[in-house]
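As written, the chain order gives the labels A, B and C, with residue 1 at the start of each chain.
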Amino acid sequence: MALLEIKNLHASLEEEGKEILKGIDLVIQPGEVHAIMGPNGSGKSTLSYVLAGRDGYEVTEGEVTFDGKDLLELEANERANEGVFLAFQYPVEIPGVPGMTFLREALNSKRKYNGQDELDAMQFLKLVREKAKSLEMGDDMLKRAVNVGFSGGEKKRNEILQMAVLEPTLCVLDETDSGLDIDALRIVADGVNALRSENRGMLLITHYQRLLDYIQPDFVHVMAAGKIQQSGGKELALELEKNGYADFTGKAA
Amino acid sequence: MPNDMANDNSLLKAFSMATPLAGAPDWFDAVTAAGAARFETLGLPTNRTEAWKYTSLRGLSSLAFTAPSADGARVEIPRDSVADIKGIEIVLVNGRLDMDRSALENLPIGLAITPLAEAVEFGNGAVKHALQDESATAGLPLAALSTAGITGGVLIEVAKDADIAKPIHIISIGAAGDEPVAYAPRTVVWIGNRAKATLVESHVGVGEGSYFSNSVTHVTVEDEAVFHHYKLQNEARSAYHVAMTHVTCGENVIYDNFALSCGGKLARNEIRGKLDGSEILYAVNGVYMAAANQHLDNTTFIEHAKPNSQSREIYKGVLDENGRGVFQGKILVQRPAQKTDGYQMNRALLLSRKAEIDSKPELEIYADDVKCSHGATVGELDDDQLFYLKARGITEHDARNMLIEAYLRDALEEIRVDAVAQAFGVKITDWLAERAKREDAAR
Amino acid sequence: MAATVETIEQVEQLGTEKYKYGFVTDIESDMSPKGLSEEVIRFISAKKEEPEWMLEWRLQAYKHFLTMEEPDWAKVAYTPIDLSDIYYYASPKLKDRPNSLDEVDPELLKTYAKLGIPLKEQEVLAGVVAVDAVFDSVSVATTYRKKLAEYGIIFCSISEAIKDHPDLVKKYLGSVVPYSDNYFATLNCAVFTDGSFVYIPKGVRCPMELSTYFRINAENTGQFERTLIIAEEGSYVSYLEGCTAPQRDDNQLHAAVVELVAMKDAEIKYSTVQNWYPGDETGAGGIYNFVTKRGACRGDSSKISWTQVETGSAVTWKYPSCILQGDNSVGEFYSVAITNNAQQADTGTKMIHIGKNTKSTIISKGISAGKADNTYRGLVKVLPGAEGARNYTQCDSLLIGDQCGAHTVPYIESRNPSARIEHEATTSKISEDQLFYCYQRGLSEEDAVSIIVNGFCKEVMKELPMEFAVEAQKLIGISLEGSVG
């Protein structure tokens, strides 16, 4: 069974009624890493929001099946607890809430959802410290309020840490490389690569090929004007790097 | 308060006697009668009235005010006190329009200035609308009292699309004779769609006698218009000055108000603005400088009635000797006014051990998606700045004065018309020079 | 460890004993005539076997009360209180008290469970007979007495203090909140039925947190508590006041008075978690919480710190204040006020700077949801002698939904040129981004709102003693249930 199956997905902005996704088809099998590349405004981020269940988007046509379940029927938090993780392009600041408290709350929500016992503070601390170490995140960073006063790189590392702790089955990484210097990019990429496994699927959304040097995708899709215009192997990304998106945006128009 | 009633009545009498618009149409008589009735119901406010908590009008009742005499005292314009603006001048003496010294003709195209009496007689729509507006006196006893005895004034109309470059300058002069006088000037301003204009008010006095100016100004700024509205309150030091300004803004308006207060024994400058449109930029700013026996009150009310507008308010004060400052600022955000952006700040410096500041910045918010903040500071000059200046060899005394001047002058940045900023700057310099003289004399 | 938890057990034992002697019948016969009159006041005083001077004081207050009018300046609207319809002594509600937890409203129990209150405590809070009857303050006080007496600390009911420590009570009662202070405080002076008395002798640091956690719950209808805390030179005490029992009455008046006195170098920390019954969604029922709390920093370098988490009551009218008389004295006010549905809160503080170099800090977090109105009202006053006085005030409001209101009304009065006062206020909402981020990490709506609001209140919550903080955090989540979406 496919991990994620998107069929003819159409979605609009609720307020303006403007259609952003104009028929997306995509299948991700367990263990596969897919990259979606495309110019600004192509609908990449919208796709990630629709998958994660953000308010403000209306699915007008099509279906999304995740692990055999109708994903679109689920609330945003249910999708998360089912195993869909979105690494945000712009991670949100939540003043006054320590990162550890937040993450423990998240993990225990998931465990509760799956009928598991909640972790106590000590067990949790041990788990997080272990995961944080490889991402070069110290205790001081974990104690700070969620994303508050974090640099761009720290925010992204924090996203990957959350991903590592929550162990989702589908990781959607939205422009995870944006705002990262080369060292930070390596740390983040190492974090992501460490999470690659045969039962976990990943969807990398990116504008640039650069990220794909570090996280090698199995498949690359080019998205423009709300549709996947072309799919291929990782050589497609290199082609794009060379020729840009002009071909596709032209095609769409 | 039964014992106050007698005083209320004598005030009302002084005002009611004043009206030179006798023979005006019935609707106008009805307006003044309604004003009198409302004042009688409300009475002269006491400190128990929340809106007048910090400003006592008790001093008024010890003076037996009379209406200004009908002959219109021929007084010289005290140019030293007036803001030095080259503008289109309108002169009021004791609340009555001085036709001879007012520019009523040969005005730029798109600008009309009409004596209030005339506008009333012909039933001008803007004037009628303003005067009959019940909300202009509802719960506002002094505005009601003013309405009971309107002494005169003008109607200023700027036609749509007109751009009046030259500032209009109202000079209101108080001149008491042997007896204290009370008067109630009324200004009605109407700025048409997309028009641009600047109004400067100078409130000044001559002579030693006490007088009481109780004015009301109505300003309507239509869609997409830009109106700069500046006021210098530099009344005689024995004067009482109570001014109410009602402002209504339409869509996309820029309204920019600045009030510099330094005169009077007791002065209250109250501006009530209704932001009845979106994309409005509404600014009310000011400086107040009080010295011996002065009480300066700035009270503002900003009502955001529609979404997406912005209001800005910065008031700065210095209080010397036993001067007292009052700042009351309220921002009300109505439920539909989502995305409102409101900012309010009052800063005050006490320069003497006898000075006092009372500040009440207030937010009342019923819309959830808004950005509103306010702040208030009271205190000394910045220690670091003071030290920095001293480290460069400047004496403590001079350093302090430099910083006070900088603090006040900084506020003038809010004035969008350079000539006015300059003219008001002179008043600040004058005030500081006076203060320096006092300091020297004391040493 | 706080005295709270262990005491509940002790109290329970005592209560069971007491109950055997038919305490309930006694209470019924103790009911005063309905309404307010000199006769009722004499009745209360006689029942409490008070000395003559106490009665005189009550009557003096009553006489003054008759000349006063109910204040109307707060931004709250409520059905006026009919003072003639109140029993000022004993409980008309005693009769319908549940006999076991089975008889308690399941909704209430759900709330307790969410708060993580153990079963034994739930019984206390719900007012189950066996436990409730214990709440005779004499018994409660005895459990502390031995431990505290070793330190010379007096912790007893105010009634008891009037009898056993008349000199202290005479000296301090009404010295911070005089009998003529305000309408509700004056009423309290005339009719107060009980409350706590704390005396910390010179140089003593109270070894445990003192608490009225259960006592207030016990006094189901004792709406007029009076608390007096005196901290002598160099002493320290942390006092917790919890009102976590929702009450299911109609609009019921709760007019308490708290007076604190801190002498030289003394420190009093007073924490409150208030969760009186807020009324239902339509605004029917609920407590009118009209409370006067004031502390006097009498001595140099003394400190009084108020921390409050106000989530309950239909109407809250409360301004815990500090009179900073001693030089270098410090006043603090940390407040979280949450209003949901039809609740109204008008709360804040007064900081009166009299002594030199006095400092005050005000941190207020107001959260408004549903159709509620939440007002911060505060006064910072610097008198001419308060050389070098400092105040910092921060008032933040959070609106949840577009039917509620958040208001900030600070009064700032300064008469000293060397004083520095800073006031900042902001208003904001919970952003959609924050909510979605939480949902995406698996948090439910309730948990998301709770965690975000707790973050917003962080600066205040960290001032609460440990035991209280956990409960208060949960309470915040519960009070806001159903406010989003």
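Definition applied: contacts are C-beta pairs under 8 Å (C-beta built on N, C-alpha and C of every residue); 3 or more make two chains touch, one makes a residue touch a chain.
Because the structure is predicted, anything quoted here is derived from the model rather than measured.
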Chain occupying the middle, per Cα centroid: C
Taking each chain's centre as the mean of its CA atoms, the one lying farthest from the centre of subunit C is chain A
Subunit A to subunit B, mean C-alpha position gap in Å, rounds to 58
Just curious, how far off is subunit C from subunit B if you go by their C-alpha centres, in Å? 45
Here the gap between subunit A and subunit C, centre to centre from mean Cα coordinates and rounded to Å, is 48
Quick check on the complex: what are the subunit A residues that touch subunit C? 52-56, 75-77, 79-81, 85-86, 88, 91-97, 101-103, 105-107, 109-110, 113, 145-146, 162, 166
Seen from subunit C, its contact residues with subunit A in the complex are 431-434, 436-445, 447-448, 451-452, 454-459
Contact set on subunit B toward subunit C in their complex: 50, 335, 338, 348-380
Quick one: in the complex, what on subunit C touches subunit B? 73, 382, 384, 397, 399-429
